[in-house]
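In the part that follows, the structures are each spelled out as C-alpha cells.
You will see subunit A twice below: alongside subunit B first, and alongside subunit C after that.
Coming up: the complex of A and B.
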C-alpha cells in the first residue's frame, strides 16, 4: 500500500510535468487538438455514410451502432492517453536509448509508461461520451445505480483489454529489432473495435474474439447495456480475463525488457 | 575494508547472427540462422575499494560498456560473480539502482523538455531524498559549479556541455555509493572538461563516492584517476596505480636543448654533440631544427647529468624537459597487447 502511494505520487508528478511541457510547445498542442477533432469527425462521417445506405447492420440499428462506437472511443482513451510511450519503444530500442530507463529504482514498465501522457486522447474521450449519451437517450436505456456499477466494471475491463493488446504488440519490439509493423498492424485492427463483432464471418469473428480480442473492448461489454436479457456468458468472466490478459502482457513486456542488451556505446 | 565492487572471473558471451554479404547473403540470412559466439568479457576480476576513482580504459569495442552494464544490472553475466555493495545487480535491479548513479555520455537521462530544477525535483521524489539532504546537495553543487543559470533552462535548450554537466549532477544527487560514468567528457571543450573534473573530484572527496569512469580522454585520467584498469578484447591487461603506469615503461623523459650562437655554429655544435651523446646514451638523440632532443631513461642517466654535460660543451640558450605522457604509455600498452 505504501508502495502504491509512492508510485501514485511519482506518477502524478511526472504526468503534471509532462503536460506542462507539452503546453510549452503551443503550436504543436493546438495543431494536435485540431488534428484529433478532424480524425474523429472523419471517422464519424464515414460511419454516417454507411448508415445512409444500410438501415441496420447485423441486426443492430443506427443508435445501437452508435453506442458500440461511443463505447469503443471511451474504452480506448486510457490506452491512448496513458500508454502512448509504447509507440516510441521501437526507436528507443533501435538507438539504444532505452537503457536510460534501466537505472531508476522504479519498476521499469511503470517508469517507461509514466513518462508520456498523451493529452490528445482526451478529445476522443469527449467524442465518445457525447456519442454514448446521445445513443443512450435515443435507445431509452434508463439510468440507475446498477448501470453506474455496470459501467464502472465494464469500461475499465474493456480498457484493460485494449491496453494489454497494445502492450503485447509493443513487447514484440524487444524480440524483433525494428518491428514497428507488428504494432501498426495490431493498431489497425482497433479500427474494427467500433463495429459489432457478429457482423463478421466466422473466421474473422473468432480472430477478433480469441486472437486479437478486440471484441472485449466494445462489443461484449456493450451487450450488458444493449441486450441485458441476452448477455453472452463470457462477459461475466471478462473482468478476470482482462486482468489476467493485462498481467500477461505486462510480464511479456518485462521479459522482453530484461533480454534487452542495448547497443554498444 | 571490504571492496564495494567485486568482480570475480566474470564472463559475458553474446550470440550474434552471422550475416552474409550482399543481397544474396541477406536473403540467405532471412531463412537460415547461423550464430557466432562473441566473448565480450573474458574472465575479468576487479576489486574496487570504497572511495576510489578507477579509470576503466581500453580501445573501442574492448568490452568496457559491457562490463559497466553488468555492474549496473542491465546485463547478466554468462558466468562469474558481480557484487556491488553486497548486491547482485541484475537480480535486484531496483534496489541496486537506488545505490548507484549512472551517466552514459551523450545520452541524457533527464526529462528532455523540463527545466533542470524540475528534473531534480522528480529525482528527489523517485530516490526519496530527504529535504535536508537535497538542500545540502544543492548548496554543495552551487559551491563547486555555477549551476543557478541552468536551473530554469529546459534540457533540450542546453549545450552539450551543460547537458552533460547536468546529467552528472543528477547522477550524484541522491548521494549514491557508486557512480558509473561512461565517457562523460566526450565532445566537450577544455573548460567544461575541467569543470567536470573539479566536480567529480569534489564529490569524491566530500561524499567518498566511488567512481568508475570509462574514457578515451587522457586528460580525464590525469585529472581524476589514481588507478587504472585496461582491458582489450575482453581481457584485462593492466590493473595498477597510475604512478606505476609510468614506471612500467621506465622513467622516460625527453630533454630538449638549444645552444647559444648563430645558425651555422649551432648546426656544427649539434652535429658534434649528437655523435658524442650517442656513445653513452642508448636511447634516441635527434636533431629537430635548432634543437637537440634526447630521450633518456632516468634510471640509467638522469636528465640533470645530461644537462650538466651539455653545459660544459657550450652555453645553453633555451631548454625543455618533458615527461612522457600518459597517453603514449597507454598507447604502448594497447599496442603491446596486439601480439
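Coming up: the complex of A and C.
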C-alpha cells in the first residue's frame, strides 16, 4: 500500500511535467485535437453511409450498432490516453535512447508508460459518450443502480483487454528491430472493434476472440446491456481474463526490455 | 533533366526496402488478414440487406473494388508527411535543401523506390489473385495500358497533395495532427474506406469533382472495366491530368514561398 502511494505520487509529478511541456506546444495540441475529431467524424460518416444503404447488420439494428461503436470508443480511451508512449518505443530502441529508462529506481514499465499522457485522446471519449447515450435513449435500455455497477465492471475490463493487446504488440519492438508494422497492423484491428463479432465466419470470429481478442473490447461487454437475457457465459469470467491478459502482456513487455542490450552509444 | 542521377535514388529506396525483410513479410501478412476480414464484413453486410445488388454493385463487385482500392492506396502511401515533418524538426532538411537537386524532386525520387517495390511485391500479386479467384473478372487488354497511365497520374497527384501538406509542417510543428487529418480526408474521399458509389448522390457529385478520387477511384474503375470505351477513359485521364497540373502548381508555389521563411534549429 505504501508502495502504491509512492507510485501514485510519482505518477502525478511526471504527469504535471508532461502537461507543462505539452502546453508549450499549444498549436500542436489544438491541431491534434482537430485531428482526433476528424478521425471520429470520418468513422461516423462511413458508418452512416453504410447504414443508409443497409438497414441492419447481422441481426443488429442501427442503434445497437451505434451502441457497439460508442462503447468501443469509450473502452479504447484509457489505452489512448495513458499508454501512448508505447508508440515511441520503436524509435527509442532503434536510436538507443531507451537506455535512459533503465537507470531509475522505479519499475521500468511504469516509468516508461507514465512519461506521456495523451490529452487529445479525451476527444474520442466525448464522441463515445455521446454515441452511447444517444443509442441508450433510443433503445430504451433503462438506467438504475445495477447498470451503473455493470458499467463500472464492464468498461474497465474492456479497457484492460485493449491495453493488453497494444502492450503485446509494442513488446514485439524488442524482438524485431525497427519494425513498427506489428503495432500498426494490430492497431488497425481496432477499427473492427465497432462491428459485432457474430457477423464473421468461425475462423475470424475465433481469431477476434482468442488471438487478437477485440471481441472483449466492445462486443461481449455490450451484450450485458443489449441482450441481458442472453449473455454469453464467457462474459462472466472476462474481468479475470482481462486482468490475466494484462499481466501476461506486462510480463512479455518486461521480458523484452530485459533482453534490451543498448546500441552502445 | 538528367534522369540517371534521379534513378539512383529510386534504386537506393528499393534496396533499403528489401533490407528490412521482416517488415515486408509482416506487412504482407497483415494485408492478407485484412482482406479476409473485409471479405466477411461485406458478406455479412450483403446478407443482412436481403438484396444481391445495391446501387448497381453486387457483392463480388464491391469486394473487387474494396480489395483493389486498399491494395492500391497501400502501395502509394509512403508516409511522406512524416518524413518531411521529422526532417524539419530534426533540422536534417537543411542538408537536403542545399543539395544540387530540387527538393520536391529529390523527395519524389527518394520515396519512389518504396512505391515501386510495394507495387511489384504487393499490388501486382493482389491483382493476379483477384483475377484468378473471380475467374477473369479483370480482363487483360488494352485498357491495362490506360490503367497504368492513370495510376501513375494518381501516384503523382497523391505525391503533390502529400508534399503540400508536408510543407504545412514548416509552420505548425505538428506532424501527427496534420498527418491524421490528411489521411482521414484522402482515404474517405478517394474511395478507400467505402466505395464512392455508396455515398448519397448529391455528395457523390461533389466528391467526383475533387482531386482525391483521381488518386484511386479513377484508375481502379479503368482497371475493373467500370469505365468503358476509349472516349470515356480519355476524359477521365484528362481530368486527372488537369488535377495533376493544379496540385503540382500549388505544391511547388507553396514550397517556394515557404522556403524563404523557414527557420531550422540546428541540423
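We adopt the following convention: the second predicted complex is superposed on the first by the 265 of 265 C-alpha atoms of A that agree within 3 Å, B and C clash if a C-alpha of one lies under 4 Å from a C-alpha of the other, contacts with A are read in each partner's own complex, and residues count from 1 in each chain.
Criterion: contacts are C-beta pairs under 8 Å (C-beta built on N, C-alpha and C of every residue); 3 or more make two chains touch, one makes a residue touch a chain.
Computed from a predicted structure; not experimentally measured.
J.: Is the arrangement of subunit B and subunit C around the shared subunit A a clash or a fit after superposition?
T.: fit
J.: After the superposition on A, what does A:200 contact: first (subunit B), second (subunit C), both or neither?
T.: The answer is second: A:200 touches subunit C but not subunit B.
J.: Subunit A residues in contact: does subunit B have more, or subunit C?
T.: In the superposed model, C touches more residues of subunit A.
J.: So in the superposed three-chain picture, is A:88 touching just subunit B, just subunit C, both, or none of them (first/second/both/neither)?
T.: Neither partner.
J.: Touching A:147 in the superposition: subunit B (first), subunit C (second), both, neither?
T.: It touches nothing on subunit B or subunit C.
J.: For A:61, decide between first (touching subunit B), second (touching subunit C), both and neither.
T.: Neither partner.
J.: Is A:14 touching the first partner subunit B, the second partner subunit C, both, or neither of them?
T.: After superposition on chain A, A:14 lies in contact with subunit B alone.
J.: Closest pair of CA atoms, one in subunit B and one in subunit C, after superposing: how far apart in Å?
T.: Between subunit B and subunit C, the shortest C-alpha distance works out to 7 Å.
J.: Starting from the residues of subunit A touching subunit B, keep only those that also touch subunit C in the other complex, and list them.
T.: Touching subunit B in the first complex and subunit C in the second, residues 25 of subunit A appear in both lists.
J.: Where on subunit A does subunit C make contact in their complex?
T.: The contact residues of subunit A facing subunit C are 25, 27-28, 31-36, 38-39, 41-42, 45-46, 49-50, 52-59, 120, 176, 178-179, 181-182, 184-185, 188, 192, 195, 199-201, 204.
J.: Can you list the subunit C residues touching subunit A in their complex?
T.: Touching subunit A: residues 20, 22-23, 26-27, 29-30, 33-34, 36-37, 40-41, 44-49, 54-55, 172-174, 176-181, 184-185, 187-188, 193-194, 198-200 of subunit C.
J.: Quick check on the complex: what are the subunit B residues that touch subunit A?
T.: Spelled out, the residues of subunit B in touch with subunit A are 14, 61, 65-66, 69, 72-75, 93-95, 97-98, 100-102, 104-109, 111, 113-114, 118, 121-122, 125-128, 154, 182-183.
J.: State the interface residues of subunit A toward subunit B in the complex, per the touch definition above.
T.: Contact set of subunit A toward subunit B: 6, 9-10, 13-14, 17-18, 21-22, 24-25, 96-97, 99-100, 102-108, 115, 260-262, 264-265.
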